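Note that chain A is present in both complexes that follow, paired respectively with chain B and with chain C.
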Partner chain A sequence: MLESLRQHWRDQAAALPGNAGQRERALEAFLAQGLPTTAEEEWKYTSLAHLEEAHLTLPGPVDLAEAMAAVARHAVPGLEGPRLVFVNGQLIPPACHLDGLPAGLAIESLAQVLRENDTADTLDRVVDLDRYRLARLNTALFQDGARVRAARGVAGDAPVYLLFLTLGDAEALQLVQPRVLIEAAEAASVTVIEHHCGEGEAAVINAVTEIVAQPGSRVTHYRIQEQADSHAQVAGLNARLDRDAALVCHNVDLGGALVRNDVHVRLIAPGADVELNGLYFTRGTSHVDNHTRIDHLAPRTTSREDYRGVLDGRSRAVFNGKVLVAEDAQKIEAHQSNNNLLLSRECEVDTKPELEIYADDVRCSHGATVGQLDATALFYLRSRGLDEDTARGLLTFAFAEEVITRLGIAPLAERLSGTVIGHLPDSDRLREFT
Partner chain B sequence: MATNEHELEHLVSRKYKHGFFTDIESDTVPPGLNEDVIRFISAKKEEPEWLTEWRLKAYRHWLTMPVPKWAHVQYPPIDFQAISYYSAPKRPEDAPQSLDEVDPKLLETYDKLGIPLHERARLAGVAVDAVFDSVSVTTTFKEKLGEAGVIFCSFSEAVREHPELVRRYLGSVVPTRDNFYAALNSAVFTDGSFVYIPKGVRCPMELSTYFRINAANTGQFERTLIVADEGSHVSYLEGCTAPMRDENQLHAAVVELVALKDAEIKYSTVQNWYPGDEEGRGGIYNFVTKRGDCRGANSKISWTQVETGSAITWKYPSCILRGENSVGEFYSVAVANNLQQADTGTKMIHIGRNTRSTIISKGISAGRAQNAYRGLVRVLPTAEGARNFTQCDSLLIGDRCGAHTFPYIEARNPSAQIEHEATTSKIGEDQLFYCLQRGLSEEDAVNMIVNGFCKEVFRELPMEFAVEAQALLNVSLEGAVG
Partner chain C sequence: MLKIKDLHARIDGKDILKGLTLEIAAGEVHAIMGPNGAGKSTLAQVLAGREGYEIVSGSVEYFGKDLLELAPEERAREGVFLAFQYPVEIPGVNNVYLLKAALNAIRKHRGEDELDAYAFMKVVREKMKLMQMDPSFLNRGVNEGFSGGEKKRNEIMQMAVLEPKLALLDETDSGLDIDAMKIVADGVNSLRSPERAIVMVTHYQRLLDHIVPDRVHVLADGRIVKSGDRSLALELEAHGYEWLQQAVGT
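Entry: the complex of A and B
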């Protein structure tokens, strides 16, 4: 893998937007350290070893008609408002619309931003590169992405829809690297939906998102992942919240063969608040790993986290949620929960909620459960005349729906409910009930 | 609260109560570790050839192992060549048979500790196998135990008298290659306790051992092996205090429990080794491997621990739930004050069907201490109907301490039901206010609240230990509030 990346750099450096020096440094630093291995605690349960040998290629130009047809198949219906569409990491202008944006809300192609006005702080502003090394690979070789900026006091109420579509190629294993930067200035609010989906042969997606929330701003972020069953996706979400800023992140994983999400939120000033909601539904032989980390670096910061998982087939899910409270960060409230529902005999879940606390005036809790459907609830439904499969399906759906109802955007919730039901046996029957 | 500061200062600065040093000539080998030292220990203890080889095998493997670094503790590297691996009170061949024969200086030591061994043993009906340094000096109530067929003796004696039992079970729970410190212990262990409860016997009394560390520069490497045969029951108590000292002392014990079909072992520990002074100087390094194997169906192993001492504690009493319907329990109170560091927890490995485990862990951090809970609950595909409940709560006293929770949960059976919950908070000001308003002093109020916080664990301790544990907790936290 490493040699192929160097080759790409030599071939394409000139074509990649932005500061070549910054990219080259990132590449060299990444290559010097290599991919994370299972010997590292943070990667204990998730192996990227198969990528070590893989010959990754950067995607070439996409066929517009093919791209437009794929977009039509995958885009969430009913989502009006601003939208940028990327297929295999490249912007598809005919599929985008940015009309009627409120003044002060800017949605741009990152490549264009870098070409026109490359300032040093466009990339790697928030991400902790030593902790999340894969971001360096993205910085080195990403082709395009989005920058969403809300100026001071601007209320960007309509959700900004960013569709990242990956079309796998049978001839080459493509490395697609979406990149998103969200900046909310003081008292601004902005909502961004990152929708990652794909089809076709195997591909590798390495996404990086950075969120900068200035004092008093509100950011709502969605990361919806519906990759093809052959795709591997790693994604890093890094956020920095200033005084009284609020961030809500929804993280939904319904596809992909190998998925790894790293969420790292830093609450750097008093009053900052973050809420993380997560749902993962793993099937077949898929492997989904969610690592979240919330750093309470200032007093009076709060966080809530609720991740739920449904596991079927021979799949495996990993959850690692860390809450760190720094010294002198008093008056902290942090709550976390992770609940897992095991549907099959061969699935496996590894969960590890962590607390690392260096202050005393705190109220922190976490809970984790692994279990099956409630026998009494099942019995109730059976006693009402439902057959076993339907009763199980309904209860499983209800378990997942708690996260979906929190999404708050009707077309999105409808789409995801549909996907979840589609994953359950006897889905036609279930649709009658929901 | 400021009014109490002077009083608190005074309490904080109080010296370790049990700090003293008994001057007994030791039969000590010079510091350093090599195969000759191991052969010397083995020869000194008149061990059979197989045990010497077993030790050497462990030693050779230990040489290849790296020092573990994963625990949430910090300490300077240990120079294993600077430690003396054998030290015995004089006259090792001439082990005393009764208290009268015990060196009066030893008895003096016990008196200082407030443990009138003979009286206490008789009054409480407890047989005490007191290990002073590395050789057992006294064993009481042997006859009564003998009537029931219970074997309770020092490890060296067990090697001599019951070699077949030792050979069969030694290392069967904690293999020599298990981890760095277990390998070291296997190579150089000097003595410890051995218990065998025959089939269907309910041990007529609670068994207990008092460990001491004495003689400067001596690491102590205890080896305890408890075997409960089918349908038997035993409750074992272990308690420790240690003389004051400046150099850090390494303690790397290994405890192995084997519970066969329908057997039950209850293992209780009160650990109060010297934690070091206010600046973190001195203090014991307590790197212990404790593991129980529920080998037979319906067996049960229960660990209860109250950890208040040691500069660094690194211990994870674990249960391997192999037998059907077997039960593992872990009840722990870990207190860290001043610059103490504790990284402790448990492992519950569910292998058999319908195995159940309960983990209740209460961590208390004060001063500048770091207290971590690290636990693993693993449910293997064979563990149909496995059940685990875990609760780990941390209480923080003071704004410079840390409390950490690292629970690993690995479930590979869909019928498993696992619940884990953890909370971290400080003593509520409303709780404190309520007590003060009822006329309690702040110190008493805190003690009461802390004892309430730990109640679930203390309830599991044998009566006399529960009293001792509460007193110990109060002493350990003296001056921590302000």
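Entry: the complex of A and C
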């Protein structure tokens, strides 16, 4: 893998937008350290070893008609707001629309931003590169992405829809690297949906998102992953929240063969607040690993985290939720929970909360459950005449639906509810109940 | 309709029912009273088919069939209905769709045609009116965000739609204010019929002011220790359960 990446760099450096020096340094630093291995505590359960040997290629130009047809198959119906669409890392202008944006809300192609006005602070502003090395690979070789900026006091209420579609190619294992930068200036608000989905043969997706939330701003971020069963996706979400800024993140994983998500949120000033909601539904032999980390670096910062998992088949899920409370971060509040439903005997979940607290006046809680459906609820449905399989399916759906309901965007919730039901046995029958 | 003979049941190794015998005929309303922990709710749960209880000995015959052999959903389709003491919230699963599936499962079992959407909604709207339920109920998840009183009204509404042969009401009066109690009682009274038996499990006498039972039984320590007419409930109210336990020597 490593040599093929260097070759790509030589071949394509001139075509990649942005600061060539920055990209080259990122590539060399990444290659010097290599991919994370299972010898590292953070990657204990998730192996990327198969990528070491893989011959990754950067995608070439996409056929427009093919891309448009694929977009029509995957885009969430009913999201009528501003939209940027990328297929295999390339912007597809005819599928985008940015009409009627409020003044002060800018949604741009990142490649275009870098070509026109490259400043050193467009990339790697928030991400901790030593801790999350895969971001260097993205920085070195990403082709395009999105920058969403809300100016001071601007309310960007309509959700910005960023669709990243990966079409796998039988002849080459493609490395697709979405990149997103979200900046909310003081007292601004912005909502961004990152929708990662795909079809076709195997592909590797390495996504990086950075969120900068200035004082008093509000950011709502969705990372919805519906990759093909053959795709591997790693994604790093990195956010920095200033005084009284608020961030809500929804992380939903309903596809993919191998999925790893790293969320790292830093609360750097008093009053900063983050809420993380997560849902993963693993099936077959899929593997989904969620690592989250929230750093409470200032007093009176707050965090809430609720991840839920449904596991079936021989799938595997990992949840690791770390909360760090710095020495001076008094009067903080941090609550975390991770609940898992196991639908088969062969699936497995490893869940681990990690609290690292250096302050003494804090309120923290965490809880994890791994279990089966609630016996009373099951009895309730059966006592109304529903057969056991239907009752189980409905309760599994209801468990996932609690997270989906929190999404707050009806067309998106409807789409994901439909996907979840489609994953359950006897889905046609279950659809009648929703 | 229902013949319970010398029923012994336990859960987690603990004996709860210790030789309970009771017969209920169609058209009758029975109240089962008793102190906390006597086994009242266990009786209701065992009759509806809750898993986890071990039937040690005894029998339950329902229209000549062995009720204990049937799965909970089969009992429901045969006309057994349990109004839960704590109805379960199931967000994302629509109230009305659950009710429609429940009704059609029962109709199918009886060899009747499933109701179409129009006919079904007509029934539901009528019963909702009876139970004075808010129309927003139609779009909500099962018991989702309902107050305690709304959940109990919903149970009786379900019962009104499903028209069971044997209705078991488990502490249906608990958590109800006087207005809600009246609505629930009116609902239950409207369902009294010569073909239907109703069994009310309750700790307090007050529900029986509104739904007057034909028979009252006192359950203590897993057995029926005294049976009588309505006056037994009033006596209990006046003297308390201790009086009774002394009187029957348990």
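Quick notes on this structure:
By our rule, the second predicted complex is superposed on the first by the 434 of 434 C-alpha atoms of A that agree within 3 Å, B and C clash if a C-alpha of one lies under 4 Å from a C-alpha of the other, contacts with A are read in each partner's own complex, and residues count from 1 in each chain.
In this section, a residue touches a chain if its C-beta (ideal position, glycine included) is under 8 Å from a C-beta of that chain, and two chains touch if they have at least 3 such contacts.
Just so it is clear, the model here is predicted, and its values are computed rather than measured.
In this superposed model built on chain A, chain B and chain C occupy separate space and fit side by side.
After overlaying the two complexes on the shared chain, residue contacts for A:R382 are found with chain C alone; chain B is out of touch. When the two structures are aligned on the shared chain, A:S417 is found in touch with chain C, with no touch to chain B. Of the two partner chains placed by superposition, A:A54 touches none, neither chain B nor chain C.
Judged by the touch definition given at the top, the superposed model places A:V349 against chain B, while chain C stays out of reach. Judged by the touch definition given at the top, the superposed model places A:A13 against neither chain B nor chain C. By the touch criterion defined above, A:L395 reaches chain C but does not reach chain B. Of the two partner chains placed by superposition, A:I268 touches none, neither chain B nor chain C. Per the superposed model, the minimal spacing between any CA atom of chain B and any CA atom of chain C is 14 Å. Listed in rising order, the residues of chain A touching chain B in the complex are 41, 327-328, 330, 340, 342-372. Note for the complex: chain A touches chain C at residues 374-377, 379-388, 390-391, 394-395, 397-398, 400-402, 404-405, 417, 432-434. Those residues of chain C lying in contact with chain A across their complex are 48-52, 71-73, 75-77, 81-82, 84, 86-88, 90-94, 97-99, 101-102, 105-106, 109, 141, 158, 162. Touching chain A in their complex are the following residues of chain B: 70, 379, 381, 394, 396-426.
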